[in-house]
């Protein structure tokens, strides 16, 4: 399994400066990989390059054993003509129905199923949206602030459960929560504003899994490392 | 809603009529140019029942034409929305046909379809489908990114779904256009009857025009306006029900 | 001495039927009479009588049924000259499939009429004369489009003999078909066609203008139809009626002359009072007017006579 | 874009013409029902220059009518968008006027305005403004909450701003409708000329109809379609430029 | 200065259960007041009741010395016809121009001013939107996840600056970040899911101001208190 970016450069058509210049990175194992960095540094653009929504970049993307890259973000909406439960039922392949039930419970959205998407709170909307992506077949899922409006307790619960249920998937987790990324991610790709060189630094995270306990000291060290990197 | 539409129509009609009477009496015009109230009333008693049924006839054709043209417009709009060659071709075709005044096309239509019900329906539909088409084209060409993204990236997007999403997100606009174009269906049917039929209020108007009988025309206009207000009121009410069914209540009303 | 400005609203488009009117303008008859005349084309949505009242026009051309209807509704319209002595409205048919020697020949045929138009009035009168009812003939609603006639769905179709009578006839002949015409006058129905009208007010307040206008107009008509002026008249028509070929215009002119001046003895513009009365009778009988209008009151021949 | 519109029009026209010829020769119809190619060609050589200038005339009036009716529709749409009594009254009035076929209204229009340029313009505008009106009504009645919220809660919302926001957010739809309704402006002008004017291609069509000359009508239709394709192509190109100016590039094109 | 809610009950028209039942609360001093609680508990609904967007509730709202309550949220957009700088210039009263310059600098959005809103990253959009609210005249500002998509460093900087610049304003700060609310807020109103009684609990926060330093111990205690409350 390999996701490799080689010497990527990109500039928005009407912008003066580049978002990336000669950025390279590679991921070769499943798990949670954070994309971290100050707002406006290019995390979303990076994600869009990966999932082919942005095409006007230079450089190569190379993949091995990866068929489907999905990209979810926190502003998505569900269509309004059916309630959330029906929508989920509709987009769930038969083989994933069981998974769906487990996830609904863990995400705490049972009460949302018979309501329409527009009738949910922001955090509920976030969860419902992420859930439907998890019910697809994929190798890589980019979560662009997908849980940004969910409370921390629920978020932790979700991350742990997802890590347990999808051990073979590469998750690219975009979040501004340093506590969280250092705690749950295997590695953290820290983006730095463009004059800084290199443009990215890689930090090893605590990669906490369900049932494990965190050493406070190590966690704080990771956080410090991330902070120094950015 | 219906009720309001009706009395607003009555106000408008009365205003128009008063305006005509005003002109009549200021310029001292004869009943031939603008009929007086007595004249109008006499004509009304004479023809209203016949005209009433004529208008009913016309309304029935108009409703069928309206439905036909809504389907037609949605169909053409869906095909024409695509940025492909075929899409733009269909669009160009639809636009061009529209540019030709019906009077010029009528001979060709009659050659092709005879002068029966079908020709009338076609003419009615042709006149009323265009506004719907334009709206459908505008709506269908514009992606609803935040909803469509999921379907697109997971490879689930089908054209039917795309249409459903865009139509649903723009339901209010579609309802406005469809309900509004009822007026055109009515006008279209009348024009069709005017140039083709032997029945309906358009036919009666044509005879009245030949006889320069403005009283009859005014009565016909009254009945047309009235029946249209009812039809449109009902359409808007259904639209309102549909909207209500789908709308998300915000807790904004006490 | 500045000329008097007036507007003259025709009944129809510029074509051979209005040759005298155009002649009066283009060859200076109006100028000589001290009039500056704006001639406006007519059409189905045009009504000269209404324009007289509204002041949009001072003179106009209207058909007799229009005048009678207007009078019955109190319009102060006056007829000052009758342009057509014979109504050019006739019915065209394919002579190789039928002939109309008697009105009863129409039995079992599909007859085109314009509902509400004066051809309906004329046809109903013809049929009533022979006691033919609507069970005996099939009436077909006619519009400007000839397709039903061309497709032989309708056997006999109303035309103006001097305009479409020629063009439509030519089309059929070009395909080797024989044509014939039904002329209502031949069966004793004299329904007056186009006449020159003005308002009572005009007649009362500016009789000299009316007189000057009628005089100039009639002189022009006489001139336009006299054989020695044929080339001048045709040149005029070429200018105003570009959509008709020279050959057709020439034949139209000859026919028009026959309707306007049926014999050398008839003075153009003569008002045929008996025909007017017959027209009124017909309309009364068919309930197109609620009560008699005494059409003679709407007729003023004096403008014509004094101009001698 | 313009180029494509033109040749697509030519294809459509040729298709239509071939269809007619096909019918003619299959059903063995005579030249007076459907003219043959030779006939058509002769007529074409005879009238095309005159018709060309006539069409130019008509197009000029149509453009003025189009602009007028766009302004009118936006005005009525803006007033009628309000859920107030006046708003719904204006809407009902606008709808009712539309329901009356022009032929029935023409006598009244001529009584009121005479038969000059103004009447023609009015008729052309009346025919073309309705689709724009419906779209404007639909668009203006629907809040863009995420943008409007700020203005509303800070008390800065003015109706002009509200209109600006909604129009801007729906620019694509508006452009589609306005460009599309050019066809109706053309049709409207032709109808107006047909019943009122003594110039323009509508007038020529009327004469051709009275002469029962289908060849002339076919040639008129060709010129109308051609000039319309050019006009509409130009409109769409301006729309495209406007869109480009305001669109946010997403980096999606290589 | 007083903002008092008395016995508020509210239920969405088509929902089965109440969002609030007999909720009371009062705020009588300026500063940052957090609204905290699990996703879907009713924070946004609470805010909408306060700013009169939801009207169908029962109970009383009583204010003293409060003229204007503003409500900002993280999904708002700016109109597309002008760039961000022009928009801000347009909605800034002349007396606040200076304030505007200070805030733009502190928010780190100088580079965004000559771009259009749709060309900004999510966190940049958040900041621009919040900024324009701060340039209005108001007594209460509700910030409903207004900075949810901004990185933590920038967010801290912004909060500290705002606290300093607007000492007389009541801020109602809705956020899912427990570290942040306990650190910067004067008090935290913790919403609890409806079966729990009472429906809200009030926790005193650290209320950190610019230049002050935080006692780690106290901070952790506050966080613990909040966690226990919810």
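General observations
Note that the chains take the letters A, B, C, D and E in the order they are written out, and that residue 1 is the start of every chain.
Throughout what follows, contacts are C-beta pairs under 8 Å (C-beta built on N, C-alpha and C of every residue); 3 or more make two chains touch, one makes a residue touch a chain.
What you are looking at is a predicted structure, and each value in this text was computed from that prediction instead of being measured.
Top contact pair of chains, counted by C-beta pairs, is B-D. Rounded to whole angstrom units, the spacing between the C-alpha centres of subunit A and subunit B is 51. For this pair, subunit A with subunit C, the centres built from the Cα atoms lie 86 Å apart. Shared contact sites, meaning residues of subunit D that touch two or more other chains, fall at 33, 103, 107, 111, 206, 209. The set of subunit C residues that touch two or more partner chains comprises 44-45, 47, 50, 54, 145, 147, 151. In subunit E, the residues that reach two or more other chains under the touch definition are 12, 14, 75, 119.
Taken pair by pair, the chains that touch are A-B, A-D, A-E, B-C, B-D, B-E, C-D, D-E.
Listed in rising order, the residues of subunit A touching subunit E in the complex are 12, 14-15, 37-40, 42-44, 74-75, 111-112, 115, 119-124, 126-127, 145, 148-155, 176-179, 230. For subunit C in complex with subunit D, the touching residues are 13, 40-41, 43-47, 50, 54, 56, 144-147, 150-151, 163-164, 167-168, 171-172, 174-175, 242-244. Those residues of subunit A lying in contact with subunit D across their complex are 10, 12-14, 45, 48, 53-57. Across the complex, subunit E meets subunit D through its residues 51, 70-73, 75-81, 91, 116, 118-119, 129, 132-133, 136. Subunit D contributes residues 4-5, 8-9, 11-13, 20, 23, 33-34, 88-89, 92-93, 95-96, 98-104, 107-108, 111-112, 130-131, 133-135, 137-139, 141-142, 172-177, 180-181, 183-184, 186-187, 190-191, 194, 202, 205-206, 209, 214, 217, 220-221, 224-225, 228-229, 232 to its touches with subunit B in the complex.
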